[in-house]
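After this come two complexes, each holding subunit A, first together with subunit B and then together with subunit C.
Our next item is the complex of A and B:
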């Protein structure tokens, strides 16, 4: 077996302290006792110095003579949760979590650990949703602190059925990840699958849940996200109630929801705050937007390169006139504009907010107008590409809208090669790919493929609250009904027999 | 092993893409000449004259820049290659909206030309086919002077909202090749003001143009043939007095043909719903008797007109209504040749049932 660095060193506790002393922020305070030299070690960047000054040091100094054993500390220091250990691995871990270690210099086999970590240090103050905006509804989002996030969930879902299970991710960072689910609702298969995948993960660091999502995803060679990553608390709570599992990671403001289906990416928590007819229309608009975004430019190429017959005769004049001076074939024209739009988007995402807005105006209006006037593209194409870019942003989940934006290019190439036939071939390949995808073992195209009764309509529109009390059967929840109304006709139909 | 197989498949796909790409002909929309109207005439030496109009959209957004091409060839297949010699971009027939025959050529027989339509898959079948009283060449030239390519629209709206019976290439081919019926087409005329107008219809016998109907006969024909004709009829009561006139407009019409095999007689029950646009002041339409009187007047007038029309058809031995086809559907032993020997003397009983749905208001 090859030698690995992180599990070979640190034979004794002295090694731990020796290595820690190389860092300038590792501090050791020595307090002289009558018989022993009491030492206090900590990383000063991780602890709350005011607690140390006010609640730890004065008490130890005052009653220094009374300390004979480490266990005496519980009586003199007014801090709850002092633990004692002999395991130096635990000491090292506690140091990194913001604990103060108290020990006798000549008796380095027992340690007292006082957790006085400054958890809120460096955390942002606001927890508004930044990227998943909605007009109606709560605007509370997750932040990069695990305990805050767990607090938000527990606060929103006050039931003892809500279970949190903690798992450590990352051999070096030892980041905490918490799997949350509703006991008695979520299918245990999904819980076990998620737990097993996270536990067996081989990775040194876990920066963010969006990274974790890819690491535990069923298929990593796909542009499609196989989990929903959201920062909205209401969406997360809704998913828990539906019988999905949620993974929350420390240092990440995104929660992972799984298993999900493709259609769920086009629903938005705001749908549930609007009347169902209005919300259903908006949801259909979003689905249309996704398709338009993928196919619009490809159709432009196919029609204008191969199948001019489908253009209505009244449109022939304006279209041909606008393209008359363009020296390129439609495919070059389209690629030029599409790449321009993606450059603008990428630049806009990287630039500071204020410059980003200016860039949008410069890019959208100035470049667009100039390219048309320079006869590099036709203005009809400019409309199509701009609309396609716009409609790709209607998808509420950022990862999905990225996938949609990427999918345009293969379709553009297919359309340039084979025209309408190429688009069909591409579509067949896309559907084949989608129908093979799985999220935590559940097919991605549910309930359309494999077809599952109940839920097909609900995945295209937002169901009315009149028939709201059933969970989607295709998620295979243990309990089918969300609640039991007084006039429930079938009170026994709760258990999922499938 | 598995890796080489994967490479082989990849290579195979690559070969397919490259070779299939070679077979592909791109037709970029601004790099083609899209023919709008195609006309056919017969030259004096028996050859065909093909004329085509196509708009130059690259020069102008509207279709006022029209190019005119004329070629003489012994076969219609040669038109496009010959025309292509004059154009800077390939000539495309797929967007043809009107096929126009000169009357002289149509009278000589258009069988070979219609056969070519069948073997030209680019042509849509929802396009118009028409015969012009002048030569197609003249008509197209006049049309070019008008600086608009609206011939198809002219025919179309006359079919939808006026008295022209509905017809397109699809129906034409059915009538042309079908047993027990003859084809009919709208007629295009150049009027005194040197304008192209749609006027009446023409009927073929076999592949030869045989009979031209004036606009009144066309209107009567359209209520027999179409469910929703909007033909306008004028019934003069007194030739000298301009106000003594009834003007009615067809709204809905249902014609029910009935073959009586014993008497060898055709019965036509025509159920008409019409609106009255104008009527003489002496009739008070608030009284039932007067309405009935006026209805009877219109009914007999229309009945007479239809009888005359059917007589004309029989006289010319043409059957655009497809009476032969109606008999065929009722009679197992129907035979085309023997039926059309009887056709000129075939008794047709016409019964008109008229309903006036409203009067006065223009619709």
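Our next item is the complex of A and C:
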């Protein structure tokens, strides 16, 4: 294995301390005794000073003479989890996690590590969902702290089947990631694949799970997200129950869910809080919105550049009236408006919330109205583009709605050059691309392609609670039933035979 | 040479339905009605039906041949029977036929576009556009080819609803009297109907990619039956829609029929129809091209499939430019169709006989060795 810089620099423990001393927040306290010089080193920016003052220093000072060996500390200090080590790598790691290191100055080969980190410092207090809204249901979301997130999961899903496995990501920061799954439900192949991918990954810093998701995804040359990244606890718990795995990262308010299928991106936890008929309608609306958003403006270009014959006679009047003064070909017109909308969206996302909202509304209305009056675009197109932009926001998962928004540009160009044929060529390319994609090794278009029994209807509508107790077969769960109601027709058919 | 198919490259048995059905439905569906009336006139639908049913026999023979071969495809059967050199030559000839069929379908689709949809774009431009998709699909391997034949059946199936729309214009009396013509007339119609059923010969090459081969034969038969029923229905509706005199003068009766459909928001439905038809022809082109490439790859060692694919597309491009003239196009069509017919009804029975004899011989040698021991 090739040597890496951060492995080789420190030869001895003194090197570790020497280098740490260059930072002004690294502190070493010396406690002078008759025989030994006891030293305590820590980063004061990472530890909780009150614990140090109240529970560590007084006890050491009081019974300093009793300390002959480092192991005596366990009896003196009323803090649990004191560990002893001789490995200076471990010392360095512990220092960065907010531990204090206690050692004798003249015997620098054994160290006691006391974890008194101030983990909650700098964490936000509120954990409302910021980006995935719902009217009904709990609004609890993850925050940028691993232990809080794990607490939330364990709290919501109180079963010993829920397994957390910790893996270290990022060879410089050594960020923790935790793979969560339901033992005896989730297919072990997915767990192994995810574990292996995260372990084999080498990246210096893992900033966020949304980044980790791309690093472990099956195909990076695609606009489509191959994992769901969500901040909603209820969605995560639901996925765990279905037999999917969840990756929670430290310093990240997003959980990764995998393996996922394309259709899952259009379902929303809120669907389960509404009557199934209503929720199914909303879900269909979202799927329609996705298609409309991709194809609407391309369709407009194809029709008005090449195939004006397809417009019925009665509709032709209003269209001619609206387009009569527009000096540009349809493609320029469409690109102008589409880019305007995307500028507004991007500006809205970057600007501070209050200004952003105002500017978005004012900008949208004023610019839209003015472009039509200046005859830069037709007002029919303005309706289409605005609707397409609106419908792309119906997709609950942010990454997917971004992919949908991006996809319409290739279709616009194809339609501008080849008309309807271009749209269909694009469609075939899109379908082929989607058929090639995989999420953790499971085909992305499941259960439609390859077709799996009992999943097709469920991916377009929200299943009724009467037949809700089955997990989707295409996830290959080890046990197929979630629970066994009294009216269960086939209470024994629990194992997934496919 | 890796001729045994790995498990993870295989597809489920039911995909055989999509593969066979989608390779059969091609460009011929848009215009066959005008040809088949040459013999039995308004009774020609009987020829379509009977030809379709006859194919089950051919398919049965194919499955038998495949069962007797060492790797489950015709390529290994050729080598088993005819030796490496002659068998290899036959494989290359087979590849030639598949690639011709692929080009034939592509050419015919490109032919329709300027006439029905939009003029002003040169055929070679269409060709370049379509070859991008072909390249993307075929280079993805058999699973991706299967995916396009799956979607190529599922998505265009909404077009079947247009047949319901047409039913309201149907005139049932055009069909009577039934069984009005002589056997010879029906045979002429049958010969004219044959091209629309061609294409499923590729099963001889891709069959090893189907999981659970023993049981998957039924999906093939279901696919053939579905195609036959579909074609018979389309023929019947066309015959009830047009009078015989009118039908003679039409080149694309299906499209002419579809033209009558209008919606409040959409006139000229045939535009949508023709574009959606791209999804119908794509599986034919891709499966045939894939089969041609596989035939060559397994025959000549150390050939790179990607280079073969690009080579085929470049060749197609130049040939497609040459057959722009109508007489060449007609000649080309004739060659492809006769090749297909000879292949299905001459060569396959021939191979079937060989397979039967070989099986018998094997049994004899087995019993001989069994008794001598």
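The rule we apply is simple: the second predicted complex is superposed on the first by the 494 of 498 C-alpha atoms of A that agree within 3 Å, B and C clash if a C-alpha of one lies under 4 Å from a C-alpha of the other, contacts with A are read in each partner's own complex, and residues count from 1 in each chain.
What we mean here is this: a contact is a pair of C-beta atoms (placed from the backbone, for glycine too) under 8 Å apart; a residue touches a chain by one contact, two chains touch by 3 or more.
If you're wondering where the values come from, they're calculated on a predicted model, not measured in any experiment.
Chemist: So, does A:420 touch the first partner subunit B, the second partner subunit C, both, or neither?
Modeler: The second partner, subunit C, only.
Chemist: Once the shared chain is lined up, is A:315 touching subunit B (first), subunit C (second), both, or neither of them?
Modeler: second
Chemist: Taking the superposition as given, does A:428 touch the first partner, subunit B, the second, subunit C, both, or neither?
Modeler: second
Chemist: Quick check on the superposed pair: does A:212 touch subunit B, subunit C, both, or neither? Answer first, second, both or neither.
Modeler: In the superposition, A:212 touches no partner, neither subunit B nor subunit C.
Chemist: Report for A:180: first if it touches subunit B alone, second if subunit C alone, otherwise both or neither.
Modeler: After superposition on chain A, A:180 lies in contact with neither partner.
Chemist: Determine, under the contact definition given at the top, whether A:449 touches first (subunit B), second (subunit C), both, or neither.
Modeler: Only subunit C is touched by A:449; subunit B is not.
Chemist: Have a look at where A:324 lands relative to subunit B and subunit C in the superposition and call it first, second, both or neither.
Modeler: A:324 contacts subunit B only, not subunit C.
Chemist: Can A:169 be said to touch subunit B (first), subunit C (second), both, or neither?
Modeler: Neither partner.
Chemist: Classify the contacts of A:306 with the two partner chains as first (subunit B alone), second (subunit C alone), both, or neither.
Modeler: After superposition on chain A, A:306 lies in contact with both partners, subunit B and subunit C.
Chemist: More subunit A residues touched by subunit B or by subunit C?
Modeler: When the residues of subunit A touched by each partner are counted, C comes out ahead.
Chemist: For subunit A, which residues belong to both interfaces, subunit B and subunit C?
Modeler: The overlap between the subunit B and subunit C interfaces on subunit A comprises residues 306, 309, 311, 313, 418-419.
Chemist: For subunit B, which residues are in contact with subunit A within the complex?
Modeler: Touching subunit A from subunit B are residues 17, 20-21, 24, 26-30, 32, 34, 36, 55, 57-63, 92, 94-95, 97, 122, 124, 152.
Chemist: What does subunit C use to touch subunit A in their complex?
Modeler: Contact set of subunit C toward subunit A: 11-12, 14-15, 113, 117-118, 121, 126, 129-130, 132-133, 136-137, 140, 143-144, 147-148, 150-151, 155, 262-268, 271-272, 275-276, 278-279, 282.
Chemist: Quick one: which bits of subunit A touch subunit B in the complex? Just the residue numbers, please.
Modeler: 303-306, 308-309, 311, 313, 316-321, 323-324, 326, 329-330, 417-419
Chemist: For a test of understanding, state which residues of subunit A touch subunit C in their complex under the given definition.
Modeler: 306-307, 309-315, 418-425, 427-429, 431-433, 435-436, 445, 449-451
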